[in-house]
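Alright, structures below, take your time with them.
Below, chain A partners chain B and then partners chain C, in two separate complexes.
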Partner chain A sequence: MRQALTIAARDLRANFLTAFGLGSTAGFAAAAGVVLVVVLRGNQARLAGWFGTLYVLLGVLAALLTMRSFAEEERLGTLELLLTSPVRPWQVVTGKLLGVAGVLLVDVAATLACPLLVASMGHPDAGPILTGYVGVILVGLAFVAVGLAVSAATSNPLVAAVGSLAVLLALWGAGIVSGGLTGWPRLALEELAPSGHVVGFLRGTLSTKDVVYFVSLLALGLVTNVVVLEERR
Partner chain B sequence: MRGLAAMMVAIGVVVAANVAAYGHDTQVDVSVAHRFTLSPETRALVRAVHAPLRIRAFLASHGGAADDARFLLSRYTELNSRIRFSVVDPDAHPGEARRFGITRYASVVLTYRGRRVDAPDAEELEISTAILRLLRGHVRSVCVLTGHGEPALDDTAPDGLSAVADLLRHNAYEPRDLDLSTSSIVPKDCAAVIVAGPTDPLLPAEVQALDAYTKADGRLMVLATPTSRADPNPLIASWGVRFTGGLVIDPARSENLDTANVIVERFPSASPVDAGVSRLQLPAGGGLFVAVPPDRPGLSVARLALASGRSFVETRPDTEIDFDGLDIPGPVLVAAAADDSRVAAGETGVPGRSGARIERTRVVVAGDVAFVTNRFLDHLSNARFLLNGINWLTEEEQLLATTSRPSADRPLPFTPERQTRVLAVTVGAVPGAIVGIGLVPALVRRLRRRRR
Partner chain C sequence: MNGAHHGVELEGVTRRFGRSTAVADVSFDVRQGEVLGLLGPNGAGKTTTMRMITGYLRPTSGTVRVNGADTAADPVGARRSIGYMPELPAAPPEMTVRSYLRFCARLRGVPRARLRPAVAGALGQAGLHDVGDQRIGTLSRGFRQRVALAQALVHDPPVLVLDEPTSGLDPRQVVETRELVTKLGRSRTVLLSSHLLSEVSQLCRRVVVLDHGKVLAVGDVASLSGGGTLEEAYLRLVRD
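Right after this comes the complex of A and B.
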């Protein structure tokens, strides 16, 4: 675990020492603010619309944050060094995940000003805000795991970002496609899409099936990541 | 090959975990008053649905209300697959809205075994109450007094009551005319009697018949009107409410420049009649006052609706509309509900009624009838107030009382000043601080390099 933490700390430091890392955090916070203004034009102290958009933005953020995790290492030639070192692939993957998760947490913390502002102006229901942030963490980690898996499979950061977005869009798209179906195919596609699993977070409820879904996505992303690295070793 | 096997195992575990979670889903609701967790009463009710039950929520498809309705209604369908729902935008599907007679947003139509009951909002208590009425199956009669110039139930003109008749039919009531000139007693199957704005005086025998009905566990709604020669006080005075006559004037809360077209925003009672009622429009109404006799311990009167503190009753509306010494100062009471419970002696020789029993009379009085006419029934919460009143009279509000929840409305007027503040903090200050904090190490490094 120590190796994983070392990798995480190195990635975290590297991220915030670059203009890209700072820019993505500041940009995410600003985008959250713009979305908040649009949502509040409904004259209601409800943040469901804001969180809903934040989940979509998290997909983009996860793709941007993870695109360089492995692809950049490979481009610079440090991935080979990392894989031939006595560190096991799962330790590398855990370290990378913790590093990006740290950045993600800082990005999410930067949006806390939004609900605080709404609370200072009105009386929002605290429950959906709490579950909304639980959702942000779960959705963010799951999307990051998907992004890391895609990043491990390519040496081009741009391809990694586009690939991650394509996978996430395909998952969201499953929910849209399900609308035209009936029976178990509809149910299966609805359950496959993240869109159906974030609704509870927006309303102030936490259900085991939603939590299990995002934890599953996270686990599947990490296993895929480890398998890809094992194959490349 | 090993990698492929690991992937297959991982996918299998993940699918199994999700299927198990789907089948044994548990939910924690941290929203205020657990808005999205169905109460035990509702869960029991939903399990008793044994035939297809269709719920159509007529809501604007955009915005939080439709999303909330979908989420809440899906809780019902999860419990019982015989329940199906759809959220219909009346603007996008005007034909369907017209087919169900929907004239406003936030109407929910429930149909079951050929019966229909409407819910006034897509909230649990309203939907569950509607399901309860559908399951009960029986339709109760609401008798509306005629023969004294009252607006008619079949009159579709703006001053008619056809919208009231529709509202009652959509809520498992059968409205019917009550003509006391041909019969001296109120039929026993009248679950409630409405006296809606008679313009001509009632005959003494009619007053006597209504009084006898009310005193014998009766349920009476009196909608008085100041533009009438009929005095409603003989019907209501025994129940601690009196009609002042005159015209309620409210310079602070009225529609446009018509100070007699009063908007009521004060509902001080905890009565179920006020549940979900936010504002009423009472055009040309009279005032009420409460006078409970001290020797009636079982009688309680709830002040349902009050005009603003600047309102008053103009006692001579034909000559002037100005407050003077002859007028009654506000805040003017415009609606009240009386509940009289008393212990009655048992009846000898009647099986099952030989012991003492509780008798209960309920009376709802409003100083206005125009607010329920076709022209005004759909305005503000007028229809909700009328229906709540009928439900309370007929004791159909029981479920409503047990699952009553606070409003989901959370107004936040987003003024330009607030918008500027939000933008300044979220788009200016926070990103600026992040960039600033990030630049500090770079500046420190540069300074150190220069010193060297």
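Right after this comes the complex of A and C.
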């Protein structure tokens, strides 16, 4: 675990030492603010629309942050030293996940200003805000795991970012396509898409099924990541 | 395993990339406490061979043992013994030299209490004391090359794998690096690749000549040269 934490700490620090890292944090916070302004035009102290959009923005953020984790390191040549160090692949993957998760936590913490602002103006229901943030963490980690797996498969950061976005969009799109289907294909696609699993968070309910979905996506992403790293040797 | 071998052994190592064969049935060993030169023209398979020793690449077939550990059965154990300087001196540009070396030392399991002396030692050996607190991105190519050497030494490994350690350096730095390699070779097993014959004949007693992924010759510099220069012997080998 020490090695994983070493990798995580390095990546976390590097993120806030680079213009790109600082820019992505500022960009995410600004986008969250803009979305809040749009959502509050309805003159209701409800944040479901805000959280819903935040989940989509998390996909973009995850794609941008994870493109540096492996693809950028390979482009720079530093991945070679990481992978020839006496570190197991799962330690590398855990370290990379924790590093991006740390950045994500900072970025998400910056958005706390939004619900606080709403609370100062009206009386929003605390339940959906709480579950909304549980959703942010779960969705964020799962999307990061997907992004990491894609990032490990290429040495081009741009390809990594676009690839991660494509995978996440395809997952999200499964929910849209399911609307036009009937029977078991519809059910299957609905279960496959993250969009259906965030509805509970927005309503203020926390169901085991939704939590299991995002934890499974996270686990699948990490396992794929380890396999990709080993296969490229 | 034949007794206590603490160097590097390659047995029938082959590596294919798709249909092309980069390294074909290569066998040689680097004995404990020697500096062995891996010599060959560009594209001979030197880097691929080194990458299989360091575990960055897996052999398609054959076995590699480092300090007695099989790189397939015990990859982490094998990598623990190695300090590796890749061909291109890559290091995160935003980190300072000191923090990067500290990161490398931690990653390779140097105990917390030993971190400070380990980093100081590597800085000293590579002649980096004056730039320890500078960001790597601001350093010249020569200094970045030294950072790459320092990270290979920071965990005090018994085996060093150096891929073209003097390429891109100015003449004075080349001399300094060669002196350092000679010094390191007294207490460690060193595998060094180069396409410079003069360098290899100066630093190594034994050489392996690679071409088109195959071993053309293994032996003492003196016996390979056969009275003439290593250059003549080498050109004869590569031409045949």
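Keep this in mind: the second predicted complex is superposed on the first by the 233 of 233 C-alpha atoms of A that agree within 3 Å, B and C clash if a C-alpha of one lies under 4 Å from a C-alpha of the other, contacts with A are read in each partner's own complex, and residues count from 1 in each chain.
In this text, a residue touches a chain if its C-beta (ideal position, glycine included) is under 8 Å from a C-beta of that chain, and two chains touch if they have at least 3 such contacts.
Everything quoted here is computed from the prediction, not taken from an experiment.
Peer 1: Name the contact category of A:G77: first (chain B only), second (chain C only), both, or neither.
Peer 2: second
Peer 1: So in the superposed three-chain picture, is A:S85 touching just chain B, just chain C, both, or none of them (first/second/both/neither)?
Peer 2: The answer is second: A:S85 touches chain C but not chain B.
Peer 1: Touching A:A29, do we find chain B (first), chain C (second), both, or neither?
Peer 2: After superposing on A, A:A29 lies in contact with chain B but is clear of chain C.
Peer 1: So which one touches more of the residues on chain A, chain B or chain C?
Peer 2: B
Peer 1: A:A14 contacts which: chain B (first), chain C (second), both, neither?
Peer 2: Touch partner of A:A14: chain C, not chain B.
Peer 1: Does any part of chain A touch chain B in one structure and chain C in the other, and if so which residues?
Peer 2: 17
Peer 1: Give every residue of chain B touching chain A within the complex, in rising order.
Peer 2: Against chain A, the touching part of chain B is residues 2-4, 6-7, 10-11, 13-14, 17-18, 20-22, 24-32, 35-37, 63-64, 67-68, 71, 409-414, 418-419, 421-423, 425-427, 429-432, 434-435, 438-439, 441-442.
Peer 1: Quick one: which bits of chain A touch chain B in the complex? Just the residue numbers, please.
Peer 2: Interface residues on chain A, with respect to chain B: 16-17, 21-23, 25-27, 29-30, 32-34, 36-37, 40-46, 48-49, 110, 113-114, 117-118, 121-128, 130-131, 191, 199-200, 202-209, 211-213, 216, 219-220, 223-224, 226-228, 230-231.
Peer 1: Which residues of chain C touch chain A in their complex?
Peer 2: Against chain A, chain C makes touches at 51, 54-58, 76-77, 79-80, 82, 84, 86, 88, 90-95, 103-104, 106-109, 151.
Peer 1: Please output the residues of chain A touching chain C within their complex, sorted ascending.
Peer 2: Counting only chain A, the residues touching chain C are 2-3, 6-7, 10, 14, 17-18, 76-78, 80-88, 233.
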